[in-house]
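Should a chain be cited, it is by its letter among A, B and C, assigned in written order, with residues numbered from 1 in that chain.
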């Protein structure tokens, strides 16, 4: 199974061309658009989301991960990471920092192979797609083993908004289980967004945060749009308001 | 064949995660996004559209139908309906009222099975997707037979706009064949939208209604956007203006 | 492999219904959304984009090509073109002018077959999808051989913007290799957009044109949106500013 995570969005020929290249080379591989609209060119957001949504896939799953603000260069070395027996493929520009860091990954394979024809702007189609097709079929391209190092100074569980979904829910970069039970969040125009179990625990129109289906703390409004109602956008800071000590502690 | 109908929209990880879960459990099943952007949380619209676009699929087609404003609860009992030998799977919150009512469906299966891990907000991925995968492979989950009853007081052929497509065409909730031949419709800013056979029967920029490819009365503008030009949105009322009696009847 | 190119966009039931029809008739065929959002009803843009993005596919690839402003008529005769051993299927309304003209195509097959049930507005689903499914399985529908003729007076390499992608890049209708090396382009609010190799060759926020991954001259802004920054939209004229003769030529 090859899962596509990228910032191409769904319009235009990009996702289709990547899929067609893979299917020509590996006709039996299943190709699924897992996250086609990562925030464009946002390496921090990609690092968080990629780590959050790929954690549960089984061995030999191939993850095509392409967010590449440095389009058309190989400054960000094309890389294959082997994490939990999955294959992560993409530019080593920081998007793998969290998934690799959390797994204690210490080595990676730099992709040395280059296709005979390669465009100046679409390495996803011309380089990464054939590599993913090969991996799905059990063939490793020519690579060079090297030490993997965290490339960017990216804090883990970054306290920023990393995605606004179609419902207007705001994914934060923070894994919910790293937060103290009962804390509130300050974000956008709201000073103290309280925790709830899920949407139905809150009155219609009420704002809350909860552990979303990818394990991230997500700011939401029951039957409304948190992004609109609280004026939140990708990149906004999230502050944690720790719960007051209980009476017995005073 | 498993057809997905939901209000997730195409962005984010939702459709991809549902597809990946199904493909892991039922690798040979074909999964197709049939209607990925039903109006969000709109049970009436879902009931109409689901009945309109699923009517022609063959026995054993599995229909994943998830529009669930009560996210995260099981107040709306997870249900399997067997209609025309197809499987309809989703929350029993009214979205099945029309398809079941029209078929004279009298019994359904409530899904009793619960997965070991289930998120508080994404039953589509965690509960309904595995159930659909099982059905596609001929395995029924643990269920409890019960009488099916129409849950919501939803009139059939509701006289409202249920969808605006990408061209700006406005789907009404009314099946065209239930309307008197030659009637006009009042909707948005237009007092009397006349019937036509299809787009090419009307001058460029002209408004008309016709039987669309799903059998619904649809308000359209030839080479234009009815939604913009007539100021129509989902939920707007549609009035039927009956044709004047002909001379011989007077 | 069946590749879908159309102006339906991704919302609504359209792409899903086409895919489902094909999969029912040709379960082993691979169906890929290659270009789901061609500019709506824009035959010139479709002609350019279709020629640009389909050139590299192998023999027997089936291309479902539907942009049909004359919805619901057969004035534009349903046609199959055989070009470079690929199958191009769609209305003969000019969208094939460039791909057929460049290939020196001189004959085509008009599709005479009609399905038992056909809607008045969705020939993509009812006529073209079954034809594509048949071709993928090696079955030709009933057709009538006739001379192919360029239907519209469409210049090749038209000097207009034919597509704005999700990043805000503006595809022109001109193949980059037909332009003199070092020329500049005038388009939107910019008087002289200079050529560059790719994004990384230009400072952040800088405008440039380059040969995109489909071979077209594309106007872009490094890490920005050319469409917004230069106020460019589909249909805008593109002027070519030839490079000044070099000193030795004077």
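Observations, loosely collected:
We adopt the following convention: a contact is a pair of C-beta atoms (placed from the backbone, for glycine too) under 8 Å apart; a residue touches a chain by one contact, two chains touch by 3 or more.
Keep in mind that this is a model prediction, so the values were computed, not measured.
Viewed as a network of touching protein chains, the structure reduces to a complete graph with every chain in contact with every other. Where chain B touches chain C, under half of the residue numbers in use are shared by the two copies, so each contributes mostly different positions.
The best fit of Cα atoms from chain A onto chain C calls for a rotation angle of 120°, in steps of 5. In this assembly, the C-alpha centroid of chain B lies 32 Å from the C-alpha centroid of chain C. Residue numbers of chain C whose C-beta contacts span two or more other chains: 10.
Residues of chain A touching chain C in their complex: 8-17, 19-20, 23-24, 27, 40-41, 69-73, 75, 119-122, 125-126. Of all the residues in chain C, the ones that touch chain A in their complex are 1, 3, 10, 30, 32-37, 49, 53, 57-58, 163, 165-167, 197-201, 210-214, 223.
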